[in-house]
Structures are given as structure tokens and as C-alpha cells.
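By written order: A, B, C and D. Residues from 1 in each chain.
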Amino acid sequence: MESIEQGIGKIFTDPDPDNARAFFRTKSRKLESKVMSVKEAVEKFVHDGDYLTLGGFGANRVPIAVAHEIVRQGRKKMGFAGHTSTHDFQILCAGEVFNRVDVAYIVGLEARGLSPNARRYMESGKVEVSEWTNYSLSVRFKAAAAGVSFYPARNMMGTDTFKYSGAKIIECPFTGTRYVAQPALYPDVSAIHVHEADIYGNCRARGITVSDFDVARASKRLIITCERLIANDEIRRDPSYTVIPYWCVDAVCEVPYGSYPGNMYAEYFSDEEHIREWMKTEEDPVEFKKFLEKNIYSCKDHFEYIEKNGGINKLLKLRDKEFMFVKARD
Amino acid sequence: MESIEQGIGKIFTDPDPDNARAFFRTKSRKLESKVMSVKEAVEKFVHDGDYLTLGGFGANRVPIAVAHEIVRQGRKKMGFAGHTSTHDFQILCAGEVFNRVDVAYIVGLEARGLSPNARRYMESGKVEVSEWTNYSLSVRFKAAAAGVSFYPARNMMGTDTFKYSGAKIIECPFTGTRYVAQPALYPDVSAIHVHEADIYGNCRARGITVSDFDVARASKRLIITCERLIANDEIRRDPSYTVIPYWCVDAVCEVPYGSYPGNMYAEYFSDEEHIREWMKTEEDPVEFKKFLEKNIYSCKDHFEYIEKNGGINKLLKLRDKEFMFVKARD
Amino acid sequence: MADYNTMELMICTAARELEDGASIVVGTGAPNAAAMLAQKAHSPNLVILFEAGGAAPLIPEMPISVGDSRTTWKALMASGMCEIMETCCRGMIDYTFLGGAQIDMYGNLNSTRIGPDHQKPKVRFPGSGGANDLASFCWRMLVMTPQDSKRFAEKCQFVTSPGWLTGGDSRAKSGLPRGAGPYKIITNMAVMDFEPESKRMRIIAVNPGYSEKDVQANCGFELLKAKQIVENKPPTARELSILRDEIDPYRYVIGR
Amino acid sequence: MADYNTMELMICTAARELEDGASIVVGTGAPNAAAMLAQKAHSPNLVILFEAGGAAPLIPEMPISVGDSRTTWKALMASGMCEIMETCCRGMIDYTFLGGAQIDMYGNLNSTRIGPDHQKPKVRFPGSGGANDLASFCWRMLVMTPQDSKRFAEKCQFVTSPGWLTGGDSRAKSGLPRGAGPYKIITNMAVMDFEPESKRMRIIAVNPGYSEKDVQANCGFELLKAKQIVENKPPTARELSILRDEIDPYRYVIGR
């Protein structure tokens, strides 16, 4: 099929569905425990050069423990899906983990402003970018989850976002309507934080879902972190609420407060004080290095990081804030 | 875009997304009560000639009260999506409601055998058919729900199912992979039975979802029947479980046991005795006419139909059966 | 030990094809019984899915519909049709069982109609349902069917679901996912596979009491023959007891 | 009654555009405040959605992120990005608010970069996020932005999100959904719309204390002028009290 027009951006991953099928054919369907530490999971499943996706929405239901661990273990030359990536993007930039990014939303932290360090990194020329949009990346995951190499969408046309993307313009064979063909995005590895999972990887999540269920299905390898491990019996009690089935999952890590300092729906709000400190510290590269040493490199795990920043007391306050209890104002 | 090959079947609905947008622009977004009787809902929203979709899976979570009411009110010349349509198909055939069908699965009742009357009707030459598959129809609804005119899928190729469909074969602009372009299906009107809804039409459902969430979004008009009306507060208590938002919905009808004689997940099992009687009676057109008179035409509503076939006692037995209580064997 | 009927034999034969750790989408009836038997007899990690959305249930009794509550009984997930079909399309599903009114030498299946006029068929069958999809996407398609020369037809009057199409590399060229296709045909008389080059149906085993000649005599096209045709093993006492006592105590399927 | 700042004026002006029964996708900050104000002041049936999945919440305080828990507080649905964007693409969403570092005379927006080298930009901004999608799909795009001649640029250095593209029928020809596009631009000085034929930006109202000349002097391209340019009405006491007491008591937005 001839395309009418095409972007000059690179496609960093292989959209071929038969190649993906050949991989998925070899993926285990066994119901076996995948419980391990975040350290083990990152050692086993995240490799230099891999294309990475992180679930959630920037600072909401994000797998922070995995992001820190990737930086701590010094992964490099990765590809990354900047699908409204905010605080998670900041963390990966701190480690200069990736050298190519599919951009939808990066560098910024929404109402909080822009990350000085992420901007420096993205303006350094060290990172190759292709431009997309939030919906485009959602559709690219959706196509991969469906086992095809593209889905059409009606966005991006007429703009430089299209020009600097890897997309192509096609026409509907029925109506002649023009579409941007969005190439399927099968990440090598993804990490998603959920509310509950069993030891096999069957997951439940609440609140906004962003594109996580498609990301889970599109990914070749998947690390799940969860607020709580639950019994398999509880999953089977009502299968209506399983949003990611175990056969998509390679590792299950129990990480309560795993989205901290991000927000976790119906669990705890974001630690805006700490995020502000992070952004402020980034202004001075020397200070920021010390900050990272304290908060990532010298930490054994996510809990040590939390303990250094207020521990359980802080988290109880963030719970109050999440539920808007009166004392949350104190 | 040129297609490589195309089916000879008709496309019974307009896949043009701009035409659909023009319609949806006019659809109300107001949060107002839509509660009414099934009779009113069918009078208002189901017209002769409309293209109809029924939710659920043949005899599981099916909007039976709406199907009976459509027959009772004598709707004719409708189009219909035979998306694993079993007992619901039987009902519509009894009323000779439609004259064109997108076929995925019709005429049969799965392990129960074939419906004699549905076969007679489909072999009469009175009904125009296009052939599809279950997944094709799912994808056609999914494309419409996404507001586009087609999605690609990897099924149907090389078969007569393709030849007698309205689909076309295209190639991926990235990989050259061949796909069947599935034209979007925007039904004029659909009916879906769910577990719970509020008066505005926000819905919850459990168990298998088939393609109902896409059907709800793809449909121009939507009638919801529900086992139970619930308070809007209950929807707002945790919005994670809303599967159809109110702005898709035109009518909300409280119909407990609304899937009877079909199965309703975690509520009641199917009444196999009654379905067997239905199929048996169909063998003799004269007997069948009497049977329909009793069970549809002379009934005021769904409850009268249920009362004629065992009433609440029967339904308690079907609840036992659903939960596999020991006495279900009695 | 000939104390079994042909349905029991077919189910036991089919069950043995399903190795531990594999995944399968099944329908109701005999395929469902075969998958349950495999799970209980030798493949506890066989993942069973149903096209309407049920995934990995602890099936308590034979479902009547692939969407009824038995398909989600204590399941790991109750999902939808896209979820299941796209799991197949991504390459995660190893097996499926299909059937039809006709099957040809390339494993193509007809479950749509008999008669030449599509808009006014002599006999209208259900159509594809999910069969075309599963035949397109799942790595290995299995068929369990009684053997007679009307059903094993020279040419299907309508190809509902793809086998190897017209043989050779025709399926690969059609655009269907690479590497998937018909695998084995299990009948009351024999087990057939497909010769790798021509993709024509080939006898690889015959059931006790039948000869190659019987099989050919009950087939509407010429069957290829494997170099070594073995005799299919009869059901074991353990298989039969699981099947009769645990899976189908009311003989819905094995009583046919 | 000049006791209000320009941010308050912009928010009140914007809120008046949102009629009862309409639907809108908003971001954080001023657009969110405008939608909340409309809902509380005159459009109780305004449906507010957020691109990350929140739908029709009872927003208890200003969200920091379009995906934080405030966007699903007592909401009618917590869904995902495809759900919201596809609701827009189906034509169900009337309004959206967008912004950017640059806007040109056709309402095109730049939120991607400054500098000529895309791989090594002088200033890297976040990129589209959902802006390109919302600008493509929602019927009417609104912009609320301070007016200065750098921001109102002759040409965007990068067109992130589509306005009327190069004017005239260029947007209709591009393939973007028919009938959608930029609607009104609300600044501290004026309200602009787009002339129907050329699709060029046009002054339709000026704010108290500003003249057409001020507006043009703070714009990097020539603005068209409506036949009748009215003076924009200042915020009412009721609007201000809702905004200050109920919506933004901590002055996160109106204190800027």
C-alpha cells in the first residue's frame, strides 16, 4: 500500500506482527510464581539497549521503584516511550538511561513546570527523538496489543508533529477518509504498577488506566509492581476485575507505596513537597548529583528511599490528602 | 487507497466517520433521568428499517425484554448484527424483524443445536446476508467506537467468508503485511443488558463483556436494560467500575431477570428446559405460532412472560444452578 | 479393554495432543471435554480460554455456550472477544479445536452453507462464529470429527475457515499469520496430519479395528499415507475414568 | 468594580463560552478553573473530562496533573486515554482548551521546541501530549493565553497542534475531522475568533482598559477586525466569589 505522505522520524521498534508472534510463541503460559525483588526483576528483564515503557501517567500510578532500580543498575542506550512521562522521565534522564525517545509529552511535570535536568538532557543532542502524541502512542500500543502492525487515527495531520514522526498518511479503502497510520509499538520491556496482583501476575487496578492494559499486552517482557500481593483465590472469586492476565507477566514485585512520590488512586496522593525539592535541586548539577546519590544510588531499595523522605509518617499524611480528610490541610 | 481484493457482500451501514461525528455532535450530554419502560424505549428508539445490535452472547447477558418488545411492536425491515446471536436471533426470526444480516454466527444455539425456524427464515431468500466472523464484527464495532472508518485484522483471508463479506484486503504501509480492512459498524440502535445502571445510564457489568463496550460507544442510540437500578452515588463511590458512560445511553429500563431465559453471570443460569421447548416447538409452524402468542404477543411485559414459565420459583432454581448449589441438581 | 466408544476414543486421542504449558481456545462439547481431560490427566498447566471472554476457569461442568458462566467459573479473567482473539493474533495461543459440515484435503472447513445460492441456501449453517478467526490466528488447528465421505469432501461448497487453502505455500501467500495452520485431524477411524510440502491430508495412525482402506473408503478425496502408519493407542482406564466420572458424568458428549 | 486581575478576567471570559449541556476536555490550571467556574456559575450540566481517563468528576480542588486523583474524585468513570480521545474523535466533545509557546494567525500552536535543529533544540518543550489529538478531534478549540508579540508569532517554529493550518480550506483538505477547529482566543487584552473564509485571527472584543491598537501592538502578525468590536464584560461579583472562594482559594492559578 502506497502512503500519501510520511514523516521523517525514526520508528525505534519493529512493528512486524509475525516477528512479534514468533517471540510470543516462546513466552511461557505456565501458572508459576513470578515473585521476586525489583533488583532481580531489573537484572533479569531490563537490558542495555532495550526499548522501555513505564505505565501510569507521569506521576500517577507509576512504577517508581523500577525506574530507580534501572538508574541504580546503570542501564544505558535504551529506547523509551515518552507517553506523558513526567516524574518518571526526570528519573530516567537523571541516569541518562536512554538515547532515543518516542515523544508525546516529556520534560514537563504538568502544572508543576519543566524539569531543568530533563531539558538539559533533551537539548544536549544526545537523544534522538521521534514526535508523536499521547493518543498516537496509545494507538501504537493498541495495535501491538491486537497483534497487527498499524492502526489508523485522525490526529497529527497537517502538523510538524506528523512531519517529525515515523507515521504515514493513508486513505480508507471504503470512504477515502485520510488517516495517519500509526505503527504498532511492541516494547522490549515494560513496568506497570498496580493495586493488586497474585503471585502469577494476574492484576487488578483502579482509577485511570491510561494505556496500561494495552502496554501490558504489547510488551515482550513485563514487570509488575503492586501495592499488595493477593491470593489467587481472590482473583478467582470474581474474574471480572482482572485487567492484566498472568501470561503477559514475567515478574511480580510487591512494592507498597511503589508509586511514591507519585499519586496512587485511592491509596495516597503525590508528595508535592518532595517533587518540588527534586525540581529545585536539578537547577544546580552539583547539588543534583548529591541528591541522586542520597535518593537513588545509595539506597538499597524503594523503602530506604521513602524512609529518607519522611517514611511511613509522610505516607500517612499522603493518604489523608488522597482521601481529602480534614487533617490533610495541616 | 487501492485495495488488493474485495468481497462481494454489502456493507449495510455507513462507515463514514464524519457522518457519524455529525450525528454524535447532536447527541445529548446532559445528566438527566432516562428511566422508562421497555415499551416506551422501543417505541421511541427502535424504528422500522434501523440497523440493530443486541449485546451479550446469544443466550448470555442478552436484552431479552427488548427483543420480545421489538417483535411485539412488529418492527420490520431492520438490519441486524449476527454477532454470535443465538436465542436472541431465534426471537427476531420469529417476528421476521430483519431483512438483512451481517452474519458471524446465526441460526445455531451452540451445543443445543440449530433453530428450525431461524433456518427456515434464513433459507427463504427473504434475508440478505453478508458474511463476517465474530472477531470481524468485534473489530468493526471497535473501529466505530474509535471514531474511524476501518481497522485492519489478520483473519478472513483466503476464504469464502472474505469473498461474501464487504471487507477489502490492504497492505500495511510499514511492513507490507496483508490485512482485511474491516469497515466500521455504527448501528442505528442497540440494546445491552447489564447488572447495574443509574438513572442516567452509567453502567456496571460483570463476567464476559463480549463486544458490548464497543457496541455501546459505536451505537447512535442505546437502550440499557439492567438487573438493578443503583444510586448515582454508588457509581461515584468508585468510578473504576463504570463500563458504559451515561452519554452513550438514551434509555434505562430496570428489568430484573432481563436476560431470562438466558444466563446472567453471577445472577441466574439459563433455563435450558424452556429453550429446549422453544426449539422443539419451532419444528411445527402452527404450534410455534401458538407458542409465540402465549410467550410474546399476549404478554404485557417481560415479567408476564417469566410468570408463564415458572415465575420467581423457576428463577430461584436458576440462581441455585448459577452458583452450583447442591440443590440445583434436584 | 475395548470397553469404550468412538467418541471416548477421539476425545482421549485429542487430549494427548495437548502438552503441559500449552494454551488453547475451545468450544463446547467434545473439544472442551478433550481439553479438560488433558488438564486433569497430564497437562495441569494447560490454559483453556473461550472466545467470548472466559480465561483459565476451573470448569465445573460442561458449558452449553462458550459464553456461559461455566466458562468463567473461578476463572482468572472474564474478558471480551477482542481480548481473546487478539491474544490469539499476538501468537500466545497454541491450539484450537474446530469442526464443520465439510472438510477438504487441505483442512479447509465449511460451516456456512450447502447449496449454490448464497442468498437462498439449501441448508444454512451458523457461519464462522469465531472459527475463521481461530483458524487464522492459533498456531495449530485441530479437528475432531466423525469420518464419512460426504463430510471429507473433494471441495468445500463454502470455505468458512482457512486450512492450508489450496495447499503448498498458498496459505503463506494469502497474508494469514506465518506458521499457523491445520495440525491434526482426529476421527473415529484415524489420525491425519498434513504432508509438509503439499499440505495435503495424510494418514498417520489408524484406530483399533480400522484399516487404511476403511479410512480411504470413508473419505471423499485421496489421502496421503505416512511412511509408517501406527495403530492409535486405545484410551487408558485412567483416562476413561476421568472422562466418565469427572468430566461428563451425565454423558452429554460421550453418550452421543 | 475593577477589582480583578487579568487572569481572573480571562478565566471568567472563557467560562462564559461554555454553555450548559456541553462537554469539554481540559488540562490543569486556568482551563480547569474556567470549566469549573462555568459549571458552578451557569452550566451545571457541563461535562468535564481529562485525557488520562477521568470523566465527570466532582472536582474538589485544582488538579496538579490531568491524571491525578482529583480528576476522578466522585467521578462517573475512571477510564483510559483511548476512551477519552476516542470519545473526542467520535464527535462527542464540544470544547477543549489548549495553549503553547507560540500561536500563529491560523491558531496553530507550538509546544514542542524553539530553535532550528530538531534533534538538538535550543529550547525543548514537552511536545504534543494530548494537545494535537484534542485540537484535531474536539469541535471547538479555545486558547487562553497572555498576549505578547513573541507568543503571537508570524510563524510557529514548530506546529505541534493544528489550528486552521494555512487557512482557507487547508484544514478541511488535510484529512482532519470535518468541521472542527480553533474557535476563540482569549487573552489578557482581547477576545479573537477566526474569519470564516480566510480563517485568519480576528479581534471581536477588547478588554476594559485596552484598545484595538494595544492588541495589534502585542501581536506578531496582522489581526483582522470584526465589523463590530465590543468591549468585553468584566467579571461579575458572583463569578469572582465562586472563583476565589470555591475554586481557587489558595490562588494557585489566579495568583499568578
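Following the convention adopted for this analysis, contacts are C-beta pairs under 8 Å (C-beta built on N, C-alpha and C of every residue); 3 or more make two chains touch, one makes a residue touch a chain.
Quick caveat, the model's predicted, so the values are computed rather than measured.
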Chain C and chain D share contacts with A, B
Between B-D and A-D, the pair with more C-beta contacts
A-D
Let me have the rounded angstrom distance from the C-alpha centre of chain B over to the C-alpha centre of chain C, please.
28
Cα centroid separation, chain A vs chain C, in Å, comes to 40
By the touch definition above, chain C meets two or more other chains at residues 54, 72, 78-79, 82, 89, 137, 177
By the touch definition above, chain B meets two or more other chains at residues 17-18, 146-148, 153-154, 177, 179, 206-207, 240, 265-266
Between the chains shown, work out who touches whom and classify the graph as line, ring, star, complete or other.
other
Return all touching chain pairs.
A-B, A-C, A-D, B-C, B-D
State the interface residues of chain B toward chain A in the complex, per the touch definition above.
1-3, 6, 11, 15-18, 146-154, 168, 170-175, 177, 179, 181, 183, 205-207, 238, 240, 265-266
Touch list for chain A against partner chain C, complex
17-18, 20-25, 27-32, 145-148, 200, 202, 217, 235-240, 242, 245-247
Chain D touches which residues of chain A in the complex?
56-60, 82, 84, 86, 103-108, 110-112, 114, 119, 122-125, 127-129, 131-136, 138-139, 142, 153-161, 164, 169, 177-179, 206-214, 263, 265-266, 269-270, 272, 322, 324
Residues on chain D engaged by chain A in the complex (per definition of touch)
27-29, 51-54, 60-69, 71-73, 78-82, 85, 89, 108, 112, 117-133, 136-137, 158-162, 165, 170-171, 174-177, 252
List of chain D residues in touch with chain B within their complex:
21-23, 45, 47, 54-58, 72, 74-79, 82, 86-92, 94, 137, 139, 177-179
